[in-house]
Amino acid sequence: SQAVARYAVRLGDDSLILSHRLSEWVSRAPELEEDVALGNIALDLLGHARSFLSYAGLAWGKTEDDLAYFREEEEFRSLHLVEQPNGHFGVTIARQLMVSIYQDLLYAGLTGSTDNTLAAISAKASKEVAYHRDHAVQWTLRLGLGTEESARRMRHALEILWPYVNELFLDEPLHDELGDAGVRPSALKAAWEREIAAVLEEAGLEVPQTRAALCKGRQGEHSEHLGYILAEMQVLARKHPGATW
Amino acid sequence: SQAVARYAVRLGDDSLILSHRLSEWVSRAPELEEDVALGNIALDLLGHARSFLSYAGLAWGKTEDDLAYFREEEEFRSLHLVEQPNGHFGVTIARQLMVSIYQDLLYAGLTGSTDNTLAAISAKASKEVAYHRDHAVQWTLRLGLGTEESARRMRHALEILWPYVNELFLDEPLHDELGDAGVRPSALKAAWEREIAAVLEEAGLEVPQTRAALCKGRQGEHSEHLGYILAEMQVLARKHPGATW
Amino acid sequence: QAGLERFNALIAEDSRIEPRDWMPEAYRKTLTRQISQHAHSEIIGMQPEANWITRAPSLKRKAILIAKVQDEAGHGLYLYSAAETLGTPREVLNEQLLSGKAKYSSIFNYPALSWADMGAIGWLVDGAAIANQVPLCRASYGPYGRAMVRICKEESFHQRQGFEILLELAHGTEAQKRMAQDAINRFYEPALMMFGPPDGDSPNSQQSMEWKIKRFSNDELRQRFVGMIAEQVKVLGLTLPDPELRFDEEAGRWVHKDLDWDEFKAVIAGNGPCNAQRLERRREAHENGAWVREAAAAYAAKKAQKAQVA
Amino acid sequence: QAGLERFNALIAEDSRIEPRDWMPEAYRKTLTRQISQHAHSEIIGMQPEANWITRAPSLKRKAILIAKVQDEAGHGLYLYSAAETLGTPREVLNEQLLSGKAKYSSIFNYPALSWADMGAIGWLVDGAAIANQVPLCRASYGPYGRAMVRICKEESFHQRQGFEILLELAHGTEAQKRMAQDAINRFYEPALMMFGPPDGDSPNSQQSMEWKIKRFSNDELRQRFVGMIAEQVKVLGLTLPDPELRFDEEAGRWVHKDLDWDEFKAVIAGNGPCNAQRLERRREAHENGAWVREAAAAYAAKKAQKAQVA
């Protein structure tokens, strides 16, 4: 249905943009093992994005590439959180922690979707996201409990990203339309807060008190970063409209 | 003539790309006075670029915007040095020092060009570049003689940029065609080396020994950075072909 | 209390208070807060526009935009100087900004999402700023009033440039028109809110009026501004997103729709889409520049010492 | 010298030398240099390809490219492990890379200027690497030979993917065809030079042959490779930039144009278009990551201590 397709675009865009951000790390990570790990996560997320966007595209006769490369900024539906710049490694880890706990809960829920395709994609994604979550948790512990410097950086990372967390849990009229095909974002909030609080506590870090930012990524009003991401991501494809690769 | 137009493109592209890099600093400079100063230099360079590109365009019935926004990467003729990333403030200053000493000598020479338009643009640019040169020299002294940290950073900045200096002085067959309408790059080398050595000595810094990189910017083979610069610079104009702004 | 009497006399006769004159502490404090907030706004206000410099769609527009953002840095510098004449050094003011203690104009906590926003910011945001600031040219504190004269001149220029951007878009392709209308839709309400809360809800205004810092009430300025743009938008062939907007002949004033003051308060309190980003960018610039400022200071000290020895 | 006799016997019978076996110092040194250079090449080789990940023109190609670059990081990791079995720890090898003391394959000092370079690098660069490496699967040192088996398998996969990129471009639009031909023109000579200097000018080769690290001479491998790509380029419908290329029936070998060995030496010596950039990027990543590695080490130490106490 149209509603499911619109929903799949949201899921796909989050993963596509976060994958883009993570892939910026490749060949720049703090150690080779992290070039491999961040590349792996970027690849998984890209896979999820492709599945969701391909599925969404069926509703409009579009391919995954039509949706990734030939939509305008205001047609994207990504969350501001996934658009945020990589910053230092701690910022990237904090973002991963937030997103992967969220996706872990989300895909667990969607595995029971009444839409079989969404359920199937989510079931597969769920396994991979559990690994992403574990990776982020391990690094949060290392950075939180490692050195004074790393704890300071991690606290700062959490603070500057916290404003974008609120948007993860905003319901839209779309979720009413979806019924049991989707998962209501607000329904994930309590579990997410519980889980992240537990991780942060174990890491000797605190839940930040920074205020929530008014974000409208789901309505197509994005952070100022997305335009730059798309300029880069789409530049080659758009120079050769109609070409195949 | 065609030769003069091709030459003007080289002059214009160097200033256009360096202006782009400097404008990336705006609202990010170490102090407000530098937001103003770097913005000023970016604006001057943009002015020079517009004059040179407008003039070049006459030969082909193109406007400055046609040349800036609708050429492909391999059609640009900028030097690798001006394409290098801003890095920290010291890298930007080192690049400015190198380029503004170069342009100072170049425009002084071109003021005597047998091509009246090139001579007139250069005469005007010459005055502004003298200020850029002074700005870069003053900061080189401050950073070279300021703190240990600043001297270390400045040394490193000079070292990583030095490989791209060689390209500034490469003659092309074009310069034979130009005769006294242009200035032979190799003719500027000795004076440039003398001047920069004097500044570096006063700043307690050494002329780096880093090896020259084989650069072919003048033939359209650019650094890996230029593609990113153009993706950003041209994105909006290209989305609306034929539009006026 | 010869000082107070002289102060009151100067205010009464519409003369100017100068830095060396005696002034009440509350006057000093109010002015310091107002001038430094204004300075901070210029500095933070550079960010949404800097966001479009590298992507400006023509070289001419790019040059105009760079020059504009530079003017803003310049305004920030004058205003910090004016504030310093009241006794608070720039570093302290800057610290107040970075720590989130000082405010700046809330409008800059909205993102600049398209090129048309460069037009809307110039036309509406600078327009509202000018409407606020023109009366400040006669502000009782000398250095502030004089700074405002210069700033207002440049701002008018910026406003015209913003209008020109929109005019060009409005006469352009369908996509350009849509872009322009969308920018106006997003900036209309926030621009009207730049005049501050409704008069009934603006506790500091009365005292500022008495001190002749402020000359007109928030609502008075707002309705005057909305009338102006209501006329100008016709030239653009676009619309303001306000079906209730009309001139009330009887009251002799413009009437506009109710504004969402809850959002206004939330954005001021820190919940705007870009509050965190704007402050973080400023902090980052400040921290990344620390070694540069230290080097400059060390170099200046060495040079001074050398001059003394010689 | 029972050790030396046993070593020579193992070499003679084409058996493998293992880490605990006695080996001549020169053998150890040569192998450490060769394996670590190979590892460094994998690591530096990530950069030209990483340069196109965010701009890959389709999601499928993007996924393939990320996976490829990741494989390279993986190869780097195996190879460092293999080198470590010879007694030099990874940090030391890394230090040699960052200080510019150790070399890596000179081909990565050329820029990746277009998407077609992802094809040319896969087809020509990985192709030449494989031609070099397949014989190394039988290298006398066990851990190296075994690492090469795994690496060669993955590299063949990469080469095929590179060829596919070019094939798609060659059957695409005129602009795509031009892009593909241009990439081949730029990478042809540097790829041929990957086999090292002509046999007459390759001083270390003889000893390596005797030790059964190397199995074929540089020129032998080169002409074999050029013959292979001369056939493959026909499938692409493109050309190699070498008018002299032909099969010499009499000699039974491929003949190609003279290569510019001056440029080769200059690039090895540090004058390539990207030498400075590649090393600086690596240094930057290493320095920016220092606090992360320190944190991880401190955390591990704390955890170990806790485990001991418990």
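In this document, chain identifiers A, B, C and D correspond to the written order of the chains, with residue numbering beginning at 1 in each.
Keep in mind that, in the parts below, contacts are C-beta pairs under 8 Å (C-beta built on N, C-alpha and C of every residue); 3 or more make two chains touch, one makes a residue touch a chain.
As the structure is a computational prediction, the values presented were derived from the model and not from experiment.
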*Higher-contact pair (C-beta pairs counted), B-C versus B-D*: B-C
*Scan B-D, B-C or A-C for the interface that duplicates A-D, counting it as a duplicate when over half of the contact pairs agree by residue number.*
B-C
*Using CA atom averages as chain centres, what separation in Å is found between chain A and chain B?*
40
*Let me have the rounded angstrom distance from the C-alpha centre of chain A over to the C-alpha centre of chain C, please.*
36
_Junction residues of chain C, two or more chains touched_ = 55
*Residue numbers of chain B (touch at least two other chains)*: 227, 231-232, 235
*asked:* Residue numbers of chain A touching chain C in their complex, please.
replied: 73-74, 80, 160, 163, 210-216, 221-224, 227, 231
*In their complex, what parts of chain D are in touch with chain A?*
43, 46-47, 50, 53-63, 66-67, 69-70, 73-74, 76-77, 80, 115, 165, 168-169, 172-173, 175-176, 281, 284-285, 288-299, 302
*Spell out the residues on chain A that touch chain B in their complex, using ranges where they run on.*
227-228, 231-232, 235, 238
*Within their complex, state which residues of chain A touch chain D.*
16, 20, 23-24, 26-36, 39-40, 42-43, 46-47, 49-50, 53, 64-65, 68-69, 88-90, 141-143, 145-147, 149-150, 153, 232-233, 235-237, 239-240, 242-245
_Contacting residues of chain D [partner chain B, same complex]_ = 48, 51, 55, 111-113, 263, 266-267, 269-277, 280
